[in-house]
Every structure is written in structure tokens, then in C-alpha cells.
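In the two assemblies presented below, chain A is common to both, partnered first by chain B and then by chain C.
Entry: the complex of A and B
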């Protein structure tokens, strides 16, 4: 379990993380989402032991991450902008990683050549952005991490490679119970793979729950008739006679309350992650504004 | 998994060596070229001498090489993507630091060791020279590399690294220059002793004081270890180690998000800002003030330019006109004004300071050095007379009694430069220009002391006779008999006693010497020349010379 407790980090006068707490359960695939500037990348750099928090702690199974090589050797990461030594080839990076990571898997490295089909001797900096990302996956997966932290991991990859990469990650989760944290703006893709979600805004954690709980605790209600009272409505829109409401509560609770008012028509639907994201953030003044330019 | 605290990471070490191979290969080629150039002579003594002499350039090579290696090895800290990627790896910061340190040390040690071995093969007769070379090279490198690393850890960009490294290395010279421009004019007669500042500029000091001396003339002692140079080298190396420890401590607490900033250590920002602003202020005053005579206006203009551009560098924006910035400017100007005012008031009595004779170990009076306690006392007495009373300004004195410290010199004014070396090793200097007859007479009397006039020759006068000649000034040698030689000594000493043998023309009312004694004598295998000027008021010597036949032969009188 990866745990961030009351992390605060300021850059000059700007508070990037404000008493942030979050928990990534062991074996979970955790989606970290939030608007631009929410502090996701800063939080990830704390998880990886790159940044030293002003206050608070980051632990993996109770052990401090910062300046702890034993813990860091169990972590793999793909940053949003991958970086390699200038002029290094994939084989040179393999030798480097092999010397640094005690569990580096050479056999897997060879097998992954078949998946990614990257040149062994070409300089990585001459690869395309997508190929560089693949090279990062190639190397990171071979370190056999217990926890994989990915910042916009499939950004720059073509659709086939996206699926390929996600499939590799999920098979690793299935086989080795790897814990995965993914930060991404592609909520549709996250929804397919994540079982836990955390929504950040302005350096704070707004909401952190399992996806099932999240989808179960907020529903979309479509009805024709008057809006029932005693509903915790997050959002309401009207199109003709049809009202669409986003309501906090389980499907069963909402159904019972709405049915009691006997509307002409109603239906309770699950929310997508994207809808949850939009409506949750709408509650903290981060909603889609109808601006006509 | 083993603990990696303070251990060298082999993978990173190999990476450093291969990644930065161009640097150490170029350095090795440079040393190879030096081997070829300095070993070109067939004469082993000359070869060894040239090799010893090239050591003077070592400090210049090391100041550059130390910076380059520090920049290369710690340059990853300046690029956020790179530094984040590297610090996500399972290595402690101490591991990174120690490994880079080991790499940088190897970059210098291996090529220099190879060079030393080549020297041993070609300078077998002087076994200590190669090892002294290695000791010098590595001692100096340790300092410059340590300083380079310390600077790199303090800054957030390569440019800032070079700037801070330059400021620290040459900071003492900058301080000397700024003090001479700003504060010394407020303390008439006070002279800043350059040596006090030069010793804090290692590249200059180490260039002047390598830990050994070459003397091709003395075959049996070709290499002589200089205690002062060796001590300084030891201090440099120790300082290098201290800087490395400080660098490690700063690296441990470094905020990696500072990559790309000008400075990474917050407390250094005001120090840099003050130094940078003053530098531009004094620079402006120095360059432009001299043209128009409006020193203070240009000082203020330069300070403002320095302060605001410094803020721009530190904040990486041109939008710096904030309340906080103006408050900082007020503090800077207030602090400078206060320090100038305090200097002018001179609460420590620097202007009136005269040392006690027992505090002084050596004095240089108008470049004539002595450690004779009696002469030291006489010079200190003269110094006391020269000090203007606190309540009298120079312009209130009778022109005859002027004791000036400006460049203005009257026809009969005499410059008096006194440089003290105190028993605690510190140095102090005073400079006066006086037209006061009593002062000048006292100066003439002191400078007529045989130590200043005849010097070491006095001790070997009798032995020196054998090969002694007196030259007539037109290339004609006149040989003195042993008796004449003894007589010459006698009359010279009489004039010294009379206080008329001072060798500077300006203490003789600007009269030119009427006779020049060019004395050649032999010391061991070497011929040494000694010159003594005879002025019109050196009556005894002049009278004796006139009695000699060669005087008439020479002058035709």
C-alpha cells in the first residue's frame, strides 16, 4: 500500500500540494485524475521520492520512500516526458538499469523486443516520441516493479500500441499483483482499467474511492415530471420535458425516492468516470462554462 | 539489498567515465603534448627544469578543468526532466555524489599519474620532481574541483554555475577593487596590502607559489621544496575537502525543483545580489566616473542597474517592480551608505594607527626591506610623525608641512611607502607624500643605513675584493687594490652614518647622483652586480673618489 499523509509542498508562494492525503491499495489499479495544475505530477514526484515534502510523509508498506533505495527499487515509473541519457541506446540503457535495479529481468527484456520491436542500437533520442515512450515501458517493465507509477502513460502511442501497453500492464497486475497508479486525462481509458480513483484539485484530494463505490454512490436520473424533493442533486439540465439529474446516492435509494413521487417517466443510469469527474469538480467551481466566443 | 549510503555506484561510475570521455581524453592529450614539448631537450637538467617551470601553469589548467568536470558531472541537476528521472532511481543522493566525486577524481588522477610515470622515466636523476608534480596537480585539482562541485550544488543552471565559480575564485580581487574604489578614498594614507587579498585568490597565489622551486644553476639542488608553497597547497587541498563536505550537505537538502533557477540555495540570493550590484556600481563609477568626474552619480546608476538586473536573473522574469524589491533596494542603499559613513568616521582609528615595534616582524620602507629592530623603531617613529592629528585636515597645515596622500605631488615632495609584516603574519600598508623637511631628513637618515645602501655585500666585503671592479658608468672597468677596497668601505660607512647615502634621488632634494659605483663581485660560481649611487651630499665617498687617480681619469677633472 502506497500512502501519502498530509503532504504539503510549496514552490515559492505557490502551494502545489495542500495537505494531500491519499492511499493506493496493494494490487489496485488506481486512476489519479484532476484538472490541469491540480498537482498530480507533483504528487507523483513525491511518491517516487524525487521531491522532499515540506511536511507530511510518503510511505510504501510503512517504509519511507524519500531517499530509500530499498523501497525505490520496488517502484517503476514512466513520467509524462520520458528521459534517457543523451546518445544512449536501448542496450546501453539496459546495462545501466541492470546495474541499478536488482530484480532486472533480462529474459523479459528479450521477449519485449518482440512486442515493441524497437532497434537495439539506435540512439533513443532519435526515436519518435511514441517510440521513446515504448522504450520507457520496455525498460521499466523489466525492473519487475511491485508498484508502477505512470504519468500520462499512453500519451503519444498509437491506438494499437495503447492497447498493447495496457494489456501488458494488466497482465502484470494479474500475474504479480503489481500495484499501478495511472495519472491521465483520458478518463474513458482509465475507466476500462482502474478499480480505484482519486480526484485532485488545487493540491487537495477531492474524492478517493473505488470506482464501483464511486459509480454506485452517484447516479444519473432521467425523468419526465417534477423534480422530487430530498435528492442530493449535483447537476440538473432540462431538454424539452426531459430532465437529466446527477444525484448522489445508490441506484436503489434514488429509485425508491423517485418512484414514490410517481413521475410520468424515469430511469436511473450509472455515471461514466468522465461524468463523475465533471460533476464532482463542478461542485468546486471547476465546471464547463458556456462561453460563446 | 545492500545499503548504498556513501558508497560508489559502479554502474554510474562506468556511465560517467564513458559519458564524459571527451573531457578526460582531451586532458590526457594535453598532458601528452606537454610531455613531448617539455621533454624535447637532450639535456635532462633542462628538461627537468622546463617541466618544473610548467607547473606554474598548473593552477590555470586546474581552475578550468575543475570547473568543466564539476559542470559535466553535476550538470544533470540543472535540467528538471533529467534530474527527476535520475533521482527516481533507487540510489541515495550520497551515492550519486560520491560516485560523481570518484569519477571526477579519476578524470584527473589517471592522466596525471601517467604523466608522472613518464617524468620518472625521463627525470630519473631528480626523483622527487615527478611526485611533487603529482602532489601539486592533485592538491590544486582537489580544491578547484571541490569548489566547482560546491558551486554547482548551489546553483540551478550552467550559466549561474560559471558565474558563481568565477565570483568565488576571484571574489577577493573583486573585493580589493571595490574597497579601493569605495572605502580607501575615505581613509587617507591607508594602503590595502594586495597580498592579503591575493592569498584568497588561489589561482593567482598558487601560480606564484608552487610547492617547489627550480634552480637550473644549482645542479645539486635542482628541486627545492618551498615551505610556503607546500603549506598553501596543503591548505588548498584541505579547503577542497571542506567544500566537498559542504557540497554533499547542500546536495542532500537540495530541492530538485530548483533545476533551471539561477540559484538553488535561498540564502545565497541576497549575497549574490549585493555582490553583483556593487560590482556593477563600482564598475560604472570606475569606467564612466573617470570620464566626467561624477563618481557618485555613476555609482548609484550602476548599483540600480545591478540590483534590478540581478533581481531579473534570480526571479527569471522582467516583472520585478514589487514592493519587496524596492524594500530590498532600500536596504542595499542604506547598508552601503551606512558602511561608507562609518568608514569616514573611522571609529577604529585606522588612519591614526601606528604599530608598536614589538608587534612588527618586518618592514618595507619605499621597497627597502628590513627586520632590524633598531631600524624598525626608527621607521615607526617616522610613521608616528607622519600621522595627521585627528582634528587637523591636510589643507589646514602649512604647505611646507603637507603630508599628502593624493596623487598630487609638489616639486620637493617625497613619497613614503611603509609596508608592515606583523608577527602574526598579517600585513598593513601606509602611503604618505610629504614636503616637510624634518620628515624628509628622517627618511634620508633611515634609508642611509648600511643595510639599505650596501646590503648583503657588507658581510662579504673582504672576500668580494678579489674579483671586484668599479665601473665608471661608461663600460670601463677600474680595478681596486685590496687597500683601496677597504678604504671605499670605510668612506661609504661614514656617509651612511652621516645619513647622506640614501639611494633615492628625491630625498636629496631631487639632485642626481654624481657618481655611480657599479660593483661586480663573485659569489660561488655566480657574478653579482651591485650598484651604489653617490650623491653630492655624500661628502666622504665623493671626497675619497676625487682623491683617486681613476676619478680624474674618468671625469677629466
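Entry: the complex of A and C
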């Protein structure tokens, strides 16, 4: 379990993290989402022990992460901007990683050449952006981490490689119960892979829950007719005669209540993660403004 | 193998359950056949292993498969035509719902069904 407790971090007079708490359960695939500038990457740099918080603590299974090589050796990460030493080749980076990570798996490294098909020789810095990302995955997966922390991991990868990388990560999760934290803006993709989601906004955690809870406790209701009285409505929009409502409650509860009022038409649909994101942030005044250019 | 559709409004685990049930009903998966392991399917479909576990639990609860500890999930002898029946009932419900929205009354629908579709209303 990775735990951030009451983390506050300021840069100059800018408060990047404001009493942020979050919990990534062991074996979870956790999706960290939030608008641009919410503090996701800053939170990730705290998890990795790169930043020291002004106050609060970051622990992995109860052990402090900051300045703790024993804990860090169990963490793998793909940062938003991957780093390689100037003029280093993949084989040179392999030796470097092998020296740092005690569980570095050389046999796996050889097998992954078949997957990523990157050149053994040749400076990584001369690779394309997408290939550099692949090189980072090639190295990081071989460290056999207990927890994998990924900041916008599939950015810059082509569709085949995105799927390939996700497939590798998820079979690792199924096999070794690796804990994974992914920050991404691709909510469609996160929805398939995550079982827990945290939505951040302005340095705070807005909502943190298992995806099943989130999707099981709120539904989208479309109907033609009067809005039933006894519903807990979070959001309502009207387009012609069709009302679209976001309602708290399970699909069954809502269906029963609405059916009792006999509307001309209604349909109860599950909410996508993207819709949850938009409605939750709509509640804190972050939404698409209707501006016509 | 089950295919997932991201535009489908059903949750992913339901898509897997329905997909496998359909394959059992159609005989694509034979009784006694082993389902892909959770790990294998998580890799192939690139989805969370818990989602697959949940789908397999549903299938087991519905009597479609049995789980043998350490060996995996196996297709049970399918109840005669049950899958096909389920699928037809569901499609009938959808069609009936649409016809009602188009203005047909319950009586109209009953008349159509009892005629067995031989005549048009």
C-alpha cells in the first residue's frame, strides 16, 4: 500500500499540493486523473521520493519513501519526460539499471527485445520520442518492481504499442500482483485498465474510490416526460424534449423509481469515467464554457 | 476470443459474460473446454484482471462454468438451448420496447405474438 498523508508543497507562493491525501491499495491499478495543473505530476514526484514535502508523509507499506534506497529499489517509474544519459545506448542503460535494481531480470530484458525491437547499439537520445518511451518501458519492466508509477505512460506511442505496453503491464499485474499507478488524460483507456480512481483538482483530492463503486452508485438517466420527484439529481440538461440527468443510486433503484412515474420514454445507462470526471469537476466550476468564436 | 466494444453501453465485465455465454450457446466453446486464464485474457484484451475475475465469477454463479482450484475455469454442459433462449428473450424485449415507443399498445403486441408472426397487423 502506498500512502500519501496530508501532503502540502509550495513552490514560491504557489501551493502545488494542498493537504493531499491518497491511498493506493496493494495490487490495485490506480488511475490518477485531473485537469491540467491539478498537481498530478507533483504528487507523483512525491511518491517517488524526488520531492520532499513541506509537510505530510509518503510511505510504502509503512516505510518512508524519501531518501530511502531500500524502498525506491522496489519502485519502477516512467516519468512524463524520460531520461537517459547523453550518448548512452540501451545496453549501457541496462548495465546502469542492473547496478541499481537488485531484482533486475536479464532474461526478461532479452525477451523484450522481441517486443520492442529497439536497436541494442545507437544512442537512445537519437531515437524518436515514441521509441525513447519504449526504451523506458523496456528498462523499467525488467526491474521487476512491486509498484509501478507511470506518468502519462502511453503518450507518444502508436496504437499498437499502446496496447502492447498495456497488455504487458496487465499480465504482470495478473501474475505478480504488481501495484500500478497511472496518470493519464485518456479516460477511455483508463476505464479498461483501472480498478481504483482518484480525481485531483487544484492540489487536492476531489474523490477517491474503486471504479466499481463509482460506476455502481451513479447512473445516467435519459427521459421524456416529467422529472420524477424522489431522485437525487447531480446534474440535469435538456435538449428538446429529452432530459439527461445524472442521478445517485444503483441502476435498479433508479429504474424502479422512474418506471413508477410512467414517462413516455426512459433509459438508464451506466456512466463512463469521462462523464464522472466531467460531472464531478463541473461541481467545482470546471467545465466547458459555451463560447462561439 | 471475446471482443470488447468501447462504444457498447454495457460494462466490460458484462460484455465478457455475454460474449462467453454466447460462445457456449453457439458451441464455439465446447463443454469441458478450458477458458483462457485470467492472466492470459488480461494480457490479450489489455484490461484489468479483476474485471475478468468478476466476469468469471458471474459465469460460475450462473452455472455456465465451474472453477477448479489451481487449474482454471471449465465450460459446463450447457443447459439445453438456454443461451439462445436468453438472447431471443432479450431481443424480443428490446423490439417490444421500441414498438411501444412507436405507438403500439400492449394489446397490439400480444396480438402480434399470439399470431406467431405469420400475418402483419
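Rule of thumb we're sticking to: the second predicted complex is superposed on the first by the 292 of 293 C-alpha atoms of A that agree within 3 Å, B and C clash if a C-alpha of one lies under 4 Å from a C-alpha of the other, contacts with A are read in each partner's own complex, and residues count from 1 in each chain.
The rule is simple: a contact is a pair of C-beta atoms (placed from the backbone, for glycine too) under 8 Å apart; a residue touches a chain by one contact, two chains touch by 3 or more.
Here the structure is a predicted model, which means the values were calculated and not measured.
By the touch criterion stated above, A:192 is placed in contact with chain C alone, chain B being left untouched. By the touch criterion defined above, A:157 lies against neither chain B nor chain C after alignment on the C-alpha atoms of chain A. By the touch criterion stated above, A:269 is placed in contact with chain C alone, chain B being left untouched.
Within the superposed three-chain model, A:246 lies out of touch with both chain B and chain C [touch as defined at top].
By the touch criterion stated above, A:171 is placed in contact with chain C alone, chain B being left untouched. In the superposition on chain A, contact is made by A:100 with chain B only, not with chain C.
The partner that reaches more residues of chain A, of the two candidates chain B and chain C, is B. By the touch criterion defined above, A:148 reaches neither chain B nor chain C. Looking at the shared chain after the overlay, A:215 reaches chain C, while chain B stays out of its contact range.
The interface of chain A with chain B does not overlap its interface with chain C at any residue.
Those residues of chain B lying in contact with chain A across their complex are 1, 3-4, 9-12, 14-15, 19, 81-82, 84-85, 87-93, 95, 253, 255-257. The touching residues of chain C, counted against chain A in their complex, run 4, 6, 9-12, 38-40, 42-51, 101. Per the touch definition, chain A reaches chain B in the complex via residues 11, 45, 48-52, 67, 69-73, 75, 77, 79, 81-85, 95-96, 98-102. Listed in rising order, the residues of chain A touching chain C in the complex are 29, 163, 166-168, 170-171, 173-175, 188, 191-195, 215, 264-265, 269-270.
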